[in-house]
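Next, two complexes with chain A in common: one pairs it with chain B, the other with chain C.
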Partner chain A sequence: MSAVASWALEVAAVVLMLGVGAYAATVLESAIARIGAGVSPGPTLLLAPLRKAAWLAKQQTVRTERPDVIGWMVATAGLLPLAALAASLIPLSSTWVMADFESGIVLWGAVEALIIVVVFLRGWSPNSTFSLIGGYRFVIQAFSYTLLSMFVLIAAALPAQSLSIQQMVVTQQGLPNLVKQPLGLPLWIVIIVGVSFRGPLNLPDGRDLAGGTSVESSGWDRLLWEAGRAPLLVVFSAMGATIFLGGWLGPWLPGPVWVAVKTLVVLLLALVVAQALGRFRPESFVEMAWTVLLPVGFIHLFQAGVTALP
Partner chain B sequence: MAVSLLSRLAASTTVPVFAVTGGGGCPLVSSLRTDPRARLVASPRHAAVLVIAGTLPPRLVGPVQSIHDQMPHPRFTALAGTQEDPTNWGKAVVADSSDPIQSVVDGFRALVAGRHASEPDWLPDSPPAEWRGVGPFGQGGEGMMGGKPFGRPMAEMAPDRDGLMLDALNVGVGPFHPALPPGLELRLELHGDVVADVGLQPNPYLELGKPAEKSYALFEQAQREAVPIARVETLRAAHLLGTIASAVEVAGLESLGRRLRTRAADPSGGDQRGLSRLRRALIAGVRWSARGVVRLPAEELQGSGLGPTARASGVEEDARLDDAGYLRLGFAPITRSSGDCLDRLLQMLDEAEQALELASKAGTGSTSGNVVEGVHGVPGSGSSPALLSLIEEHVPGLEWSDAVSFIASLGVDLQDIALAERRVVE
Partner chain C sequence: MTVAIWVDISFWVFAVAAILTGWRVFETDSMVRASFLLLLSFLNVGAILLLLTAEYLGFALLFMMAVEMVAMALFMVMFMMNPAGLNPMEMVHQKPAAMIAGVLTFTGVSVVAVFGEFPNRPVRAGGGSTRELGLELLGDSMMVFESAGVALLATMIGAIVLALRTGRFGAADEDSVPPPIRPEDSHDDA
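Here is the complex of A and B:
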């Protein structure tokens, strides 16, 4: 296969992960919500995201009085490319990874940092009180989980003795990190829920803020934003599947199928947690993150280091 | 072809509705929360249909017009269960009383298909006040801070709770904020996310001449004459479950809210295990957002007649203790001890469960006919308005999310309060 064809295939895989994955995640989220409400999910859910997208495409995009228009547009359009960048780092097989370089988790960390900027900018730009408070809330929430995220990623990198995500998968041959580092996946679920601000960590867009960073959003603006949020959920779940469940490793099935199946498992876990828990108080989440989760992250890192010793 | 397909897909989505509640509108708004054909949205920007449920007090007309004009096009208004003159509301659709939600759905489909024109603004697109042209930047304040350019208060420096000088922002919230009871309008001084001060606007439902909600009428009737205990207690259970549903929806637990509302629509329809499952889901869901938030001390609530709110703090007061009909059933009030938001919600669930037990034991037994414990206290004793005093007293100093959880845990219902206040006047 020529280099161009291989590159095209890798791009297609990323687009598929973002498009199909995000669509499936949205359907799954609605299905879990319905089951939680004691209502049968029903087949109508399958088309529900498409219908909502069509409605948003027809709705007027309203701008507020004296917004920061450029900031608003950059923020709205910024989330999807960041999700795509993160997706390009996920290995789908031993040879199939779009951006396979030695310092993969450094780029992953950069994506996490830029997500904070984008969400804050979206809260800031409309010149609206609740939107602004939502933006600030995301900053404190993200600062509280980002360090934890770095601990979890470094712990996964220790046995690989490399910052390459592909190498992290390879070292799980035989025994996945889920067993070797049992605290890792639960901590990563917190990060998935936080970065996609859902359920208990939907602090920036909560109902108490009438929609928070999205309170002023309508039409195409909202459609693009949602089209970035859902892929984030999928990509972070895929990363969880990669660093804890062995990613593409597995018998009989091709690597990409294993990645899809394992991503689905992590996604389901994150969505069930998001569904079952009400929104945390901002103050108590920050307190919990710094006084409980971070020390647990330290223990996790220490345990991963000891386990990785030859 | 593509446009047509887009329109057909758009028209088949669940209808995004922003609902405002007037007198008599609560049941419709509650059913909008559980009906799969529609979904209530938190912001007017997310809505296509404005539903005016019930009769609006005159003071709420202006805010509703303002909400309408914030909705993006295409948009339309549906009037349901109201005594309003539709001609006062532009081209608003009057919903069919037998199935108002279907009228909303049909109107939405017609709107998307272009058969129903999008409504123009109802208010002039002008600032609430003139530009004052005072101060170095013409904003009416000092320096770059303060003042009210175009009638909108700017942030001003003020000491915060830590003694730092930070921007204080004066904002109005309500009367139809999605996380507050309908009609509740607050004037907030915010220091970031912290409420430094709060002021409550007068209860708009006092402008309505008589209690519009049939359910309240039963409690009112029970003040004057004997009514079947089974009816009173079933209604109490329904109200309490509905109140818990509102509180958990504020915390983001929409699915649990829906389960509670389904049970509230038919309180006697499920079994005890169903209530136990609801209890487990409630505790798991709101533990992190409600535990320890605003503990109301028992001594503050002694003699307040604040019903489940007082009993959640350990105050053993209940008007049913003075009713021979209830005593025959072996009634004894349930209490809790910590009096925080979590306890108030669990107290309401306990009392809903107890109410269903009483209803099943009561048979044809009736109340004594002189006083009855209302859902949130004794109607007409001035008890419910005391809930508003609790808000004024305890909200300053709270983070906004805690303030919202606290208010939700009180089960404030301004229509109920208007009824109680009217009885005091009478």
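Here is the complex of A and C:
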């Protein structure tokens, strides 16, 4: 296969993960919400995201008084490229990684950090109170789970003795990290829900803030934001599948199919957890993150380290 | 040949962008904008590190600076009594002293860059530079460094727990009050 063709294929895979994955995640989320409420999820759900997108695209885009226009635009449009960058780091087979870096998880961490910047900037830029509170809330929420996420990523890197995500998959050949590091996946679920700020951790855009960072957002602006936010859920689920379920490893089926199947499993787990829990108050989540989850992260790191010793 | 040219072009683009955004840090009128312009400048420097195939350093710079600039923006706003950094304010003060310090620093760094002798030790083919970098930076003190890191983190968390309203005086959402400064003062009559 020529270099151009394989590159085009890799781009197609990332677009598929972002587009189709995010669409499926949005449909699944509302389906799970309906099942949870005891209503049968009808086929109308399949087209609901498209309908909402069309509605948003037709809607007027409202501006506030003296906003930071550049900051607002950068923030709104910034989430989707960050999700794409993260998606390009996920290995799809033994040879198929769009961005195969020897310190891939450090770049993953950088993406997580830049998401904080983007959400804060979006909250700050419109010059609006609720929006600003949403931005502040996300910073404290993200600072509380970021350290935990670093612990989980480092723990997954320990058996691989490498910062390369591909290497982390290859060393799960015998036994997936799910078994070697049992605390990892539950902690990562918290991070998936936190990064994509959904359900219990929808502090920045929550209804108690009348939409938070999105309170002044309408039309295309809102559409772009939601189109960046939904892929985060998929991409972080794919990372969970990669570092705990062995990513593309598996018999019979080709690598990308295994990645898709395992991602779906992690995604469903995250969505069910997000559906089952009520929204945290910011204080209670921060307290839980630093006093319960972080110590658990320490134990996880220690256990992973001891297990990885030859 | 083509790759080398693109690396050169990218270098100049990132370098000019880093300097321009760095300059804007001092020209803007808001602390939040200043922080994020500085972040943009650092992102460009990170890209230059990637061009130098210092992959780990480049990514680590992106990661560290993104987190630090958000923290910086937040804390500056909290301490400066400027409502959320939305009121315009000047970003420069003590200009003469700052100018002298700036010129001296620039001269110093330039002298090192132009006249300094840099080692020429190519990274071995195949393997990356991350491992070498780790050994070069830490060498035998890896264990000491890691232990100090964990101790520092524990100290930080301890400090936060002590400083929290929830730390010693009950949960924040349960109408907690700190104890009086003087023991004879009581909150009951307040």
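Note that the second predicted complex is superposed on the first by the 310 of 310 C-alpha atoms of A that agree within 3 Å, B and C clash if a C-alpha of one lies under 4 Å from a C-alpha of the other, contacts with A are read in each partner's own complex, and residues count from 1 in each chain.
We adopt the following convention: contacts are C-beta pairs under 8 Å (C-beta built on N, C-alpha and C of every residue); 3 or more make two chains touch, one makes a residue touch a chain.
These figures come from a predicted structure and were not determined experimentally.
Once the two complexes are laid over each other on the shared chain, residue contacts for A:Ala33 go to chain B alone; chain C is not touched.
Once the two complexes are overlaid on the shared chain, A:Leu114 sits against chain C while remaining clear of chain B. In the superposition on chain A, A:Gln60 makes contact with chain B only, not with chain C. In the superposed model, A:Tyr136 lies in contact with both chain B and chain C. In the superposition on chain A, contact is made by A:Ser217 with chain B only, not with chain C.
When both complexes are overlaid on chain A, the residue A:Leu253 reaches neither chain B nor chain C. Contacts of A:Ser284 after superposition: both chain B and chain C are touched. Shared-chain residue A:Val15: touches no atom of chain B or chain C.
Of the two partner chains, chain C is the only one touched by A:Glu102; chain B is not. On chain A, the surface patch touched by chain B in one complex and by chain C in the other comprises residues 136, 281, 283-284. On chain B, the positions that touch chain A within their shared complex are 6-7, 9-10, 12-14, 16, 36, 41-43, 45-46, 48, 70, 72-74, 112, 169, 171, 177-179, 190, 192-193, 248-256, 258-259, 262, 281, 284-286, 288-290, 293, 399-402, 404-405. Touching chain A in their complex are the following residues of chain C: 30, 32-33, 36, 39, 55-56, 59-60, 62-64, 66-67, 69-71, 73-74, 84-86, 128, 130, 157, 160-161, 164, 166, 172-173. Partner chain B is touched in their complex by these residues of chain A: 33-39, 47-48, 50-55, 57-62, 129, 133, 136-137, 199-200, 202-203, 206-211, 214-219, 222, 275-285. By the touch rule above, chain A contacts chain C in their complex via residues 68, 71, 101-103, 106-107, 109-110, 113-114, 116-117, 120-121, 124, 127, 132, 136, 139, 143, 146, 163, 281, 283-284, 287, 290-291, 294.
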